[in-house]
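Okay, so chain A shows up in both of these, paired with chain B first and chain C after.
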Partner chain A sequence: MRKTSFSAVVLAVIALAALPGALASPATRAADPGITSTTILLGGTAPLTGPAAAYASVARGAKAYFDSVNAKGGVAGRKIQYKYLDDGYDPAQTVQDTRQLVEQDKAFAIFNTLGTEVNLSIRDYLNAHKIPQLFAASGATTFGRDVAQYPWTIGFQPSYQAEGWVLGQYLAKTKKRGKVGVLFQNDDYGKDLLGGFKRGLQSSGVKVVAAQPYEVTASDVSSQVAKLKASHAGIFAIFATPKFAIQAYVFANRLGWRPAVIDNAVSAASNIMLLASEGGKNKAVEGTVALNFLKDPTDERWKKDPGVRTYRAIMSKYAKGANVNDVYHVYGMAVAYETVSLFKRLGANPTRAGLMAKARSLNDPSNPFLLPGIAVKTGPGDGFPIQQGQLQRWTKGRWAPFGGIWTSKKL
Partner chain B sequence: MLPLAAFADFMQQIVSGLASGGIYAALALALVIIHRSTGVINFAQGEMATLCTYIAWTLTVNHGWSYWPAFVVTLAFSFLFGVGTHRVVIRPVEGGNVLRIVIVTIGLLIAVNGFVTWQWSGEQRQLESPFPSNTIDVGGVAISVQDIGTIAVTIGIVVLLWGLFRFTKVGLALRAAAVNPAEARLVGVRVTWMLALGWGLAATLGAVAGMLTAPSVGLDPNMMAPILIYAFAAAVLGGIDSPLGAVVGGLLLGVLLNVVSYLSQYHGFGWFTEELRLPLALGIILVVLLVKPSGLFGHAEVKRV
Partner chain C sequence: MSRLGFVAFAAFVVFVAVLPTFVSDFKAQQYAYVGIYLIALLGLNVLTGYTGQISLGHGAFMAIGGYTSAILMVGNEQFGGPIGGGVEDFWTIPVAGVVAGLVGLAFGLPALRLSGLYLALATFAIAVAMPSAIKRFADFTGGGTGINLFGKPELTGGLTGVTVLGRQLSFNDWLYYLAWTIALVAFAVAWLILRGRTGRAFRAVRDSETAAVSSGVSLARYKTLAFGISAAYAGVAGALFAVANTYVNPDTFPIALSIFLLVGVVVGGLGGLSGLVFGAIFIEFLPLWAQGEDLGSHLPGFLVDETKKPGGPAIVYGVVLILLMFVLPSGVGGLFRRVGEAFTRRR
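This part shows the complex of A and B:
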């Protein structure tokens, strides 16, 4: 046991030595805060209220998974306590909450905090204090790319640029020529998707002929959709959060516009697609293509799948009253599962530095909550845990996967 | 000049602006009614409308009701909700500085929003629409039946309200109670109940606005938050005490924002980007209040000193 811990420390030192500014890290310090002989405290924030409250399920799913692990004795005799506070998706609140979790509650690591701006707001603080910002729930590229500058931060999901690139490559490879109209959120998230998408289309016959931004404060996107239709685009790419993605379908249908649609993963959950279908009245939804990496609990294919069965069992026991069909819970469980296996590898005396070292050398080919074939992997020069996805097409009220697994490495 | 081929696109932007404007107008109407019948600006109007819309959603989706019975029950609920809110929350702070009521309504906004999120979660929902989903094509411009319906209902309400205030005793009493509560009481108007009635009416209109809005923008606890500011701009532009003004203001605002944003792709308007949509609405509030505080259709406030 001592040996594992020693090698973890060595690994940590090697990892940190490679990073300028991190040399002074006291990696040999005895015990980090937030850890006792019986507990590990993880802290985080989630949008339980406010404009992104739909994503609160991510934290609930993760908590349910930890509770189920704790009921079986936890990891190496320690129970994982996951305390999440409501930040209302407001970065200012996130900073306050995170300081409270670190300074008063003495959290071992900040885990699964959700949102791009939200995670950016606490990144400097956590890195300055050498506190792990573990599996930040955002696809902004910076969380996987800027490892040298922010060694204590790591993301989880595929980056938005990678997702955009795959969607662009798919069009480039399947269509000789085409005109694309893009609706995108006017922030890092929307711009990353659009940037990756354009790179994926490079030197193909498919061109972006119009790109319309919207603000998160917008009341609706009808004007943008009308402009995109007017651009004579035959393909409509929706890089928008669920509320605005549903609107995009609704307004496209009202304008009598029938483009081929590309949707982004954050808005492609089955329940969102069904809402956009307006009970079958909206024909613009049929045939939509999107990238996915999670097992959708409503998908018939996974009815007997052990992963989804576990998911359902845990939900019914530890998240009573929650909507089991909400795929964001699955995301929460996938990230909690990876965290548990991380702590298993850390052995008897986990340290913050050790945790980051292990997080930088992930290699899990079979997270039961992710689609088969999708690996969680990091290494030197690779700060992105998930970089793979499966394309799927919305056909008659459900997603049908097609083609193989797409991998994006260079983004 | 606009290229000729762009004319249909331009008209499409006008139509789409009218559709957005219809949504602003519906909520602006509720703001105007409460101001006209109680003299108060209710910042919680949007959130109250959202709560009532969730009642309709629960009845249709969870309990399988068909649309119209759910519609009627929702209106009845929202009326009682409005009256109850006045009796329980507003009445204790009435009579003093108007700022107290304003602050209470802001508190109410936060409380109702929190309650809705707690009760129905932040998940995205969709409310069915009473109108068909098809589209009429007029010379290459698509006009959706849903949008026509929204504007028609809003105008219908204005006519009803005009009749109420103009021809009925209740309407007169409502106005009297708002304008001069002390003297109204002297001539036998039951002022407290008139104010409660005003809150009930406004909440009912809010519910209608919510049910017209949800099929277009989607139902979630924050549905009305972005719309409220545009509704304020619409109400101020039209004249804060004029129902007709609220509707004209809403439609004008919707069209204006779209036209400015459309022209920006043509003539040296490149600096106008989507970020400026909300500031433009706020700018309109400011300019109207500075230049013509009574708005387009309102009555200038005259006070004897």
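This part shows the complex of A and C:
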């Protein structure tokens, strides 16, 4: 240390002491955290930056919906405040943000936190403290399956294994034989999809001949796509998040590879598909098959649908400047809608335990933001709120649904 | 150190010791992270600030420390690995430092042949490869699912808190004292290393390798040593990071962490120790402040209200970083030096 160290340390002391909030008095613990006579505080994290930033719209859509409900007086006289922090899809940041939401902001429940690893990183903490981890935005099977071990955790969307299974079954039923090349994210999400997919293909003539993993931190997937092409697969399964799914389409096209493509729901939003199709130039996108459970706001069929009209009205009022065609906003509204109806059922004095009990006995056949025929349902032995979906094919710049509603077996 | 320096350091120790009494339980946890980052920054500054070797891969050394700690605590038999675990968190911290230090020494050898940007790229490569490597050896590390430490008996505190010297501490306060005790010791050790012969040799290597060699300083020895020390510091920080997070997984130590550490060293001031506290505060708090946390009422809403302006916080972060580099090109440490010089001149 130099001669000046004295002034240095003195300055350090002064500045550290002056940090905002540093000298705030210790907060007193309320009997009922996160709930007052006029408010309910929900906390969560979202990837506002980083490799999964495309999903930020999920949180924004949910917030817009809560704001619209609050404008009409809220639920049982309470306004639902939804505070979400940026975790950049980094589980270490999620842990810190979630602890802040629980310990400093006193959130009533952690809601709609997005990402598989991200939700895994806080699950033990939340369950140990008996804080609801409500509608975790991940399709990892563990969130619906391990209810006994983690009673305070519940997911929302169809599980990735179930989705993979449906896609596998579809191929098994429609094709006599075929070779599939799979691109998957090297984590629980990608592996769940691949595992379910293989089970769906079981005892059919369609075989997975190559499976290439990529890391979520990778910059691109060009080498994986080249290897999959070299495997002479005629079917290309993309189990990747939006950024990488778009790359997969683009690279496949550049390599002159024209496989039949199946895509996973998390990357099958119309806006993502339009980006991937490079203004219609990329023919690899045409004919893609994916599973869907949300109403796509760009779909002509829903032009006069009350759900989509509500959606558009809320977006134009509470999320000015956001891209209304981004279907992840619809996901956010669907999950917020379900949350609002949960709180309505909870009555005048919501408790955390009561919230979980009601979340374990959902039965909503008509969430206006989900496709008709898709129910939100849970019960004893069933920890998966949504287990249904509809297959759709990308035709001339839009999704065209085909077949009926698929209900996944217990997976 | 001058006598005043000792007094100042003692004053700082007292300040650190009493801080949790004045802040909320949760804030204590955030300051614990400041202590953890400080340890990593001290190590990185030995390498980058004093020896002139740029590392963009210190997050990887933190990962090695973090995983060493987590595996020693919980074991990896559950994934099919050979280690039974069961070591209390406290004792895994020095082991993590040693393991990371040895890896650092080993990496220091090939790094001898690289300098400047090329070394930065080589170290960056470790940071890039680390998450994949952890996933590749899933039966040893648990792969992408990671290792959970919360609720395990080896984790001190956890739900119940802990009694130290007859005082009941909450988990967050315990983390704070654990991190800062180690950070202050690490600070003193770094100061002892850097004040004498070794520190002079490091600085000689930084300022001119040719001059250093002609004065009899062995480049190989001191560069490798700097790598080893700095990696050991990162390992200790990583172990504490794992304990504080109560969870490790490959993405817990992303490439961004390595970059943030370098940013922290530059903000704190290369080639000085006292400014690094600010580098650590910068790493921990700026991402939150940029989102309007803590400072919410002091910043105009249009800057940070996420729903109104998506991407606002990221821009705030970038702008603050650029401004800081304009105003304080030599970091907070450089500011201290200038203020100090002004004082001494007046006297």
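What we mean here is this: the second predicted complex is superposed on the first by the 380 of 411 C-alpha atoms of A that agree within 3 Å, B and C clash if a C-alpha of one lies under 4 Å from a C-alpha of the other, contacts with A are read in each partner's own complex, and residues count from 1 in each chain.
Assume a contact is a pair of C-beta atoms (placed from the backbone, for glycine too) under 8 Å apart; a residue touches a chain by one contact, two chains touch by 3 or more.
This is a predicted model, so every value here is computed, not measured.
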Is A:Asp188 touching the first partner chain B, the second partner chain C, both, or neither of them?
second
Answer with first, second, both or neither: which of chain B and chain C does A:Thr49 touch in the superposed model?
both
Regarding the shared-chain residue A:Lys281, is it in contact with chain B (first), chain C (second), both, or neither?
first
Quick one: classify A:Arg99 as touching chain B (first), chain C (second), both or neither.
second
With the two complexes superposed on chain A, say which partner A:Asp305 touches: chain B (first), chain C (second), both, or neither.
neither
Between chain B (first) and chain C (second), which, if any, makes contact with A:Lys63: first, second, both or neither?
second
First, second, both or neither for A:Ala128, with chain B first and chain C second:
second
Report the partner of chain A that touches more of its residues: chain B or chain C.
C
Just checking: does A:Asp90 make contact with chain B only, chain C only, both, or neither of them? Give me first, second, both or neither.
second
Once chain A of both complexes is superposed, is A:Arg254 in touch with chain B (first), chain C (second), both, or neither?
first
Give me the intersection of chain A's contacts with chain B and its contacts with chain C, in residue numbers.
48-50, 56, 186, 215, 217
In their shared complex, at which residues does chain B touch chain A?
6, 8-9, 12-13, 16-17, 19-20, 23-24, 113-114, 117, 121-126, 128, 133, 135, 137, 142, 144, 146-147, 215-218, 220-222, 225-227, 230, 257-258, 261-262, 265, 273-275, 277-278
In their shared complex, chain A is touched by residues of chain C numbered 1-2, 4-5, 7-9, 11-12, 15, 19, 22-27, 29-30, 33, 128, 131-132, 135, 144-146, 148, 150-151, 158-159, 172, 191, 195, 241, 245-247, 249, 251-257, 272-275, 277-278, 281, 285, 287-288, 291, 293-295, 298, 306-311, 313-314, 333, 336-337, 339-341, 343-344
Could you pull out which chain A residues touch chain C in their complex?
1-13, 15-17, 19-24, 26-27, 48-50, 56, 60, 63-64, 84-86, 88-93, 95-96, 99-100, 103-104, 117, 120-125, 128-129, 186-188, 191, 215-217, 318-322
Within their complex, state which residues of chain A touch chain B.
47-57, 186, 212-215, 217-220, 222-224, 226-227, 229-230, 242-243, 246-247, 250-251, 253-257, 271-272, 275-276, 278-279, 281-282, 323, 326
